[in-house]
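Shared chain: chain A. Partners: chain B in the first complex, chain C in the second.
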Partner chain A sequence: MNPIEEFIFSFADDEHLIGQQHTEWIGVAPFLEEDLAFSSIGQDELGHAVLLYEVVLGLRETEATDEAIDALAYDRGASEYRSSHLVELATTDWAQALLRHWLYDTVEQFRWELVVGSSNTALAEIAIRVEREERFHRRHADALLDSLLASPVARPVLLAAFDSLTPFIANLLAPVAGETEAIAQGVVSASITTIAPLLEQRVADRFEQTLSITADISNSPGRDVRSDHFQTLMDRMREVIDYDPQAVW
Partner chain B sequence: MRAITGAANSATAIELAVHAAVASIDDPEYPGISIVDLGLLERLVVTNGHVDIGLIPTFSGCPALAMIGQDVSTAVRSVVGVESVEVSWLRSPAWSVARVSVEARAILADQFTVAVQINSGAAPRCPRCGAATVEQSMFGPSRCRSVHRCSNCSETVEVMRS
Partner chain C sequence: MAIYEVFLKKDGRDEFRHAGALDAANDELAFVMARESYARRAEGDRLWLVERSNVLVADAEFVAPNADKPHRHHDGAAVAARRKSIREQADIADDSESQ
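Moving on to the complex of A and B:
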């Protein structure tokens, strides 16, 4: 795989799968406002995934048709995806989904900051427009956590949910294949691993907890290995396509 | 945006006709409000019968983009003198509510009970009675709107923001 493409896929696939995960709360979130929030946030993330898949098509000098974007989103082999295990994780636990939303969007902000001055003009332009949308995501997660963490009932539930997700952080922030070349070519300004101390600070501010991930990152499996949850998620996303692959839409 | 409206002396007849064709397309969420009035048109270039239209989306995940693009393409193709049309969604600049025209804001308020929040620091005003509104839900029925309630008349107010 072309290293720059591989680097872009690590971001695009994360956006695609977290978007899918959020949309699965439509109709089953605990209250109406959360239905609306998770579906809107999921919609944004899917929109960002499309923009990033378009960057890959741009590198290939291929026209970004709907079919070409769908092929990148749904038709690659499992071993070609570069998603993190956090976004592959299936969960029916809303506390875990909320904490993943907070954790993912916190890291996502720092990831966009790393490409805001990218030598890839398309990527730099996307980083600027995306931040306008992402601030709503962070405001949403923070507003809910502000009120829920103050509740003696909700607080331990949320902290337990957070603990259940910390093993995924090292994989999320482990060096991404292709990033050495991407840094050399100015596509990204620094390694994704540089986000670790920034996240540790946000966790300390938010949960009054110490998170130490730097040591775990070097022992983490990379993004070329799919978690057990991936195939189930992909099968569900492809359910209609696979039902009749010859159908014309 | 190319200043075609209000600057007729600098625009050719075909440019004006193409602009009118784009402006004939309403936002699917707001029948009666043109996408031009919502600030979606960024670029309009006519070169020897070829039309290049650049639009910007309100939010990247808006599901109506393909439909709007198709509608614009069809409308422009029917303009006399147009031979080919290319409609593209631009990555830059980012849309903001400041692009929504004064006329569109009035229709949004009167017909859709939608307030446009230009200044994020001030509470949006109720289109019915003018009192301050209070946010009920950060996300609403579409990506570009949140849901507020009027502190005076209790009207539910949708707020368009960026």
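Moving on to the complex of A and C:
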């Protein structure tokens, strides 16, 4: 795989799968307004995935048609995806979904900052464009957490949910295949691993917990290995397509 | 939880209009939820939230008597009829002068 493409896929696939996960809460989130808000945030993330898949198509000098974008989103083999295991994780637990939303979007902010001055001008423009939406995503997660962490009933539930996600952080922030070349070409300014201390600080501020990510990163499986949850998610996403792969939409 | 009434306005156009209501635990959550519940399709770019308990509601009995006062409805019909009648009388006077 072309290393720059591989680097872009690591971001695009994360955006695609977290978007899918969030939108699946439509109709089953704890209350109506949150149904709308959470699935709407999911749609934003799917939109970001489209923009990033378009960057890949740009690298290939291929026209970004709907079919070409769908092919990248749905038709690659499992071994070609570069998603993190955090976004592949299946959950029906709202606390876990909410904490993943906070964790993912906190890291996402720093990831966009790493490409805001990218030599790939399309990518740099996207980084500026998405921040307006990401600011709202973080405000949404923070508003819920500010309110719920203050509750003696909700606080232990949320902290347990956060603990259940910490094992995924090392994989999320482990060096991404292709990033060495991406850094050399100015596509990204630094390794994704540089986010670790920034996240540790955010976690300390938010949960009054000390998290030590850096040591775990070197022992983490990379993004070239799919977690057990991936295939179930992909099968669900492809369910309608697979009824009749030749159908014209 | 409190009920918030949501008002939206398009910039440079119209006045604030009532869009609906929602339940929220506090003001910040009300903002976040109102944005997605009522403005996600760009229905407005300005947003007011009013906690329903802060709305002063008049007694219906107090407001109702004003529904029965047609003389306060200035639809212009009476004035128009009067102007027409005066104009017609003037025409008749003109005609008799010219004869």
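What we mean here is this: the second predicted complex is superposed on the first by the 249 of 249 C-alpha atoms of A that agree within 3 Å, B and C clash if a C-alpha of one lies under 4 Å from a C-alpha of the other, contacts with A are read in each partner's own complex, and residues count from 1 in each chain.
One rule holds for everything that comes next: a residue touches a chain if its C-beta (ideal position, glycine included) is under 8 Å from a C-beta of that chain, and two chains touch if they have at least 3 such contacts.
Just so we're clear, the structure is a prediction, and the values are computed from it rather than from any experiment.
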Chain B and chain C placed together on chain A: clash or fit? clash
**Prompt:** Is A:Leu51 contacted by the first partner chain B, the second partner chain C, both or neither?
**Reply:** first
Is A:Glu15 touching the first partner chain B, the second partner chain C, both, or neither of them?
neither
- Return first, second, both or neither, reflecting whether A:Ser40 touches chain B, chain C, both chains, or no partner chain. both
Does the superposition put A:Phe136 against chain B (first), chain C (second), both, or neither? both
What is the contact status of A:Glu108 with respect to chain B (first) and chain C (second): first, second, both, or neither?
-> neither
- Check whether A:Glu5 is in contact with chain B, with chain C, with both or with neither, and answer first, second, both or neither. neither
Quiz prompt | First, second, both or neither for A:Asp146, with chain B first and chain C second | solution = second
In this superposition, the partner of chain A with more touched residues, chain B or chain C, is B
For A:Glu24, using the defined touch cut-off, is the partner it touches chain B, chain C, both, or neither? Pick first, second, both or neither. neither
Among 39-47, 57-65 or 75-83, chain B is struck only by the chain C stretch 39-47
Shared chain A footprint, chain B vs chain C, residue numbers 32-33, 36-37, 40-41, 136, 139-140, 143
Counting only contacts in the complex, chain A reaches chain C at residues 31-34, 36-37, 40-41, 136, 139-140, 143-144, 146-147
Listed in rising order, the residues of chain A that touch chain B in the complex are 19, 32-33, 36-37, 39-41, 43-48, 50-51, 66, 122, 125-126, 128-130, 132-133, 136, 139-140, 143
Within their complex, chain C touches chain A through residues 22-26, 28-29, 31-33, 35-37, 40
Residue set of chain B touching chain A in the complex reads 59-63, 66, 91-94, 96, 136-141, 143, 162
